[in-house]
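Reviewing the structure listed below.
So that you can tell them apart, the chains are marked A, B, C and D in the order they are listed, and the count of residues begins at 1 in each.
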């Protein structure tokens, strides 16, 4: 297959995100790129993927295109269940979501996410340096989906030893059974997709581990853009650049209006 | 923060909420009134206001316009994920701080998803202009649910492990059955709930299409609830299929017919987002956050809210063909024969 | 109005029960005679009475006649809300029910009810002398309706100092604020209707107090049929016998099939 | 009673219930099977069985017949208010104790409302033949709800003050927010939920008309759920109005089309009670409780359950005109054009 020559950072995230999703599983989809990746997965290798949106829709076929919101009318049509937020989160807390797919603004080595604030904490909580939108459903997905897939743009300022605020708990301090002891459910962060590669969390230490490198990056360049020491998998792979067909699908079929995948300036 | 302080309740405490409802006239009576009357009667300074809808879907925008027109003081807003509703209130506070003020917000998310971040949220928070308490979507929905159930709290897993536990009134206990930690969230019983729905009868029975969001819970939890509706229909038609009714009449105090009442947000079966108008409005807020002038924003409020008598006049400012186009876009999402 | 000459004990309970109900209030209706009394009230002085049934129906007009069950299809048609048991009880716990209308098999002087078992308790709980159906929704109504109206057939064996089992708490031990201290809501038992008269619960002691005497009974005959000392109101009244019209309505319009109001043997 | 013992969970513990669901195939696949297959696969000796419906409304009678036909051992039944479903199981235990046994019941009410008391309940309880645990309707519904929500418990006011607190696993704590007592009820996660609905598709999406009872909660809480339906329709038709769907497909494991599946109980939009048949059956139980012979009851089981291959054969024993009359009676309750 022809390799794309003009794919963007967002587009490779979408392609990588789609590939992590498995057919016939239930994925609780956060707003933004997770929606795009989910739709791409459905259009490609995972037609039986079952999306759940926090506003209430379970398993809509998404035949009317990419939703602008997780409460979009496009998520309601043909859904197999449609109530409200409590119902969507209750079924997740029960164990119905195999995957949770969330974005964040800051991440640490254990896959804990921040989407609340940047600045001094706790002193600066009520007057933060940068105020972010807040958890939305992310912390609920983090607490109750079986496994979570995280998306964070790769940037040294966002990959920190210590988060400004832990909005969505991942593997907490990485200690054995930390999540279980905290009363949480699910196995926690499964994959992290950044603008530079794909990571898992090493089984014993729960530390972020590079498993696949995006084109143009190296282990060294990725480590250099990370504010803590990464683990590197033994068999780290080179992630193939998106194909021209994948990029065409994103641009023409999945997000033709550029709602979440911004068009590169010509 | 508030962790060691004595418990404080925003809105009504569980016992107060119970008492208010017990003493209320719950009869099946005509509750139609104008939006002016409803806001004047049920929205007061210092009130805790529960906002329905989800981000920019079925938010009670017409009610928000009327609250801004009337002016509001020290409001406490409670919502899970909201977009234009708090944005309009915050923008009003930015241009008319004498007339409009938010004191505190209890929220999960304030932003616009595909339409971008909220600059007003950054403006208010980063300048320390308001109190706030972070929760998650499920946390806020469950807190309204606890209020609607007449319970002082509800357990969830949601806040465990993270900082929401530390900056909110969550209490973590060891489950007396399993021994494992579990979060207890205090109920939310607002003074007034603001809800926009697709259809209602004059008694306040409401049909909601698409996501219910947490509207029924907010209506049941609140001491009073104002409902605006796209269609005001006969009781007999409304109860044809009782299972379509998401909010029963005793939970509602005012019913106002307001077509396009969630515009420029979307409303299932009626209209899809007016993205241009949302982006235009957000574009007026952003420069102020960077220290720019608020004149353009002020002009917007003067034209669209303060300068009109009613939400109908606001809607009248849109080109008919744009309104029709947004209706057509929604028809595409859920095709039905008329 | 002509007085009925052949009314039954059940029929006078129904008439008395209907009269206690107030127009435009919400009443949570238990199965059996409470349903009949509610329907009679709607057909007479309380057309705006709003019945709630525990299976989920709120405010049905009951135009298709008396339900056989609180989950009967006749309660669904035209209802203003209809979900399931959780919803019905949640709205009651919230404070939406002005009255709860319940029957019981045994009552004590504080209006506590038993509909669980007769026999030794706790030893005999799992092998009771007489096993009754169980609480159903009665204990929930007792805990959360604003005021409750009780119906118990008058019988010395059923009006006891100590209940075999307290299924539905009334005024508990009668001590001040006993219900509040127990975590309950609502004001507790408001009226008790028996086959012999109507009772309230004296404000200070919360003890059962005779306020109205059915035809053919006296203060003495009622006390004699009661296993504890009754309080007697200063202004105890004689309850008028049902009118012929009331009895006709019960027999011909409200319960023509004799579902709950059994026909006297001819 | 069990108050001081270590917590025991009937059915699955919260952690076990979570684990079972996580490991289950939740894909959208064809789940149609025969009732024999469904009962054989999902109902096992010692199981905790959650029974849907309410008293004699929409109870899973066809599934109960099949369970009796197959035979059952040490079942633990959980329900709020039930009528013929436990009555049929208990009657089977009375006539074929070698083949059929109930070990324990967790319940709010066992009786038949307008059709009278349950003599079988008196028979089993007064002879000390089974364990049981009394709850209220809201208690049981809330326990299933807690199970469906993935929580170990749910708070309610329901059990406070009375003896249900003392004979059940309720724990009363002081609310950490208000200081007032509140009841905590342990979740119920049955091994298998038995549900009858008006309509389903082959994936297990279910539409329920009339009361939802606590069927969705039971289905979501249980490790497995068997659904019988009056109508088995295409997925496309079933999802026309997604808000009619009360149970989503991932909560269901077996879908079986069984018209009259709640008979002689009632099923909204389909048939009203067959009072005669209910009363006739109850009339066969009563004499045994007074020490009489069980021959007539045994003959009933031999004719209507053991002597037939399927529930269809049972329904076939009724006169067509009686079935039509019960359908007509229900049509009167909710008149609709065909």
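Everything that follows uses one rule, which is that contacts are C-beta pairs under 8 Å (C-beta built on N, C-alpha and C of every residue); 3 or more make two chains touch, one makes a residue touch a chain.
These numbers were taken from a predicted model, which means no experiment stands behind them.
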item	value
Contact-richer chain pair (by C-beta pairs counted) among C-D and A-D	C-D
Interchain centroid distance [CA atoms averaged], chain C/chain D, Å	28
Separation of chain A from chain D, taking each centre as the mean of its C-alpha atoms, in whole Å	41
Distance between chain centroids, defined by C-alpha means - chain A, chain C (Å)	57
Touching two or more other chains - residues of chain C	57, 76-77, 82-83, 93, 144, 185
Per-residue overlap in chain D, given as positions that touch at least 2 other chains	150-151, 156-157, 175, 180, 182, 243
Chain contact graph, described as a line, ring, star, complete graph or other shape	other
Pairs of chains in contact (touch as defined earlier), listed by label	A-B, A-D, B-C, B-D, C-D
Complex contacts: residues of chain B adjacent to chain A	1, 54-57, 80-81, 107-111, 113-115, 117-118, 121-122, 125-128, 131-132, 134-139, 141-142, 145, 156-164, 166-167, 172, 175, 180-183, 210-217, 266, 268, 272-273, 275, 330, 332-334
Residues of chain C that touch chain B when the two form their complex	24-26, 48, 50, 57-60, 76-83, 90-96, 98, 144, 146, 185-186
Chain D-touching residues of chain B, taken from the complex the two chains share	7, 13-15, 150-157, 169, 171, 173, 175-178, 180, 182, 184, 186, 209, 243-244
Complex contacts: residues of chain D adjacent to chain A	17-19, 21-22, 25-28, 148-151, 203, 205, 220-221, 236, 239, 242-243, 245, 247-251
Complex contact set, residues of chain A against chain B	31-32, 54-57, 64, 68-74, 76-77, 82-86, 89, 93, 112, 116-117, 121-122, 125-140, 142-144, 165-169, 172, 178-185, 259-260
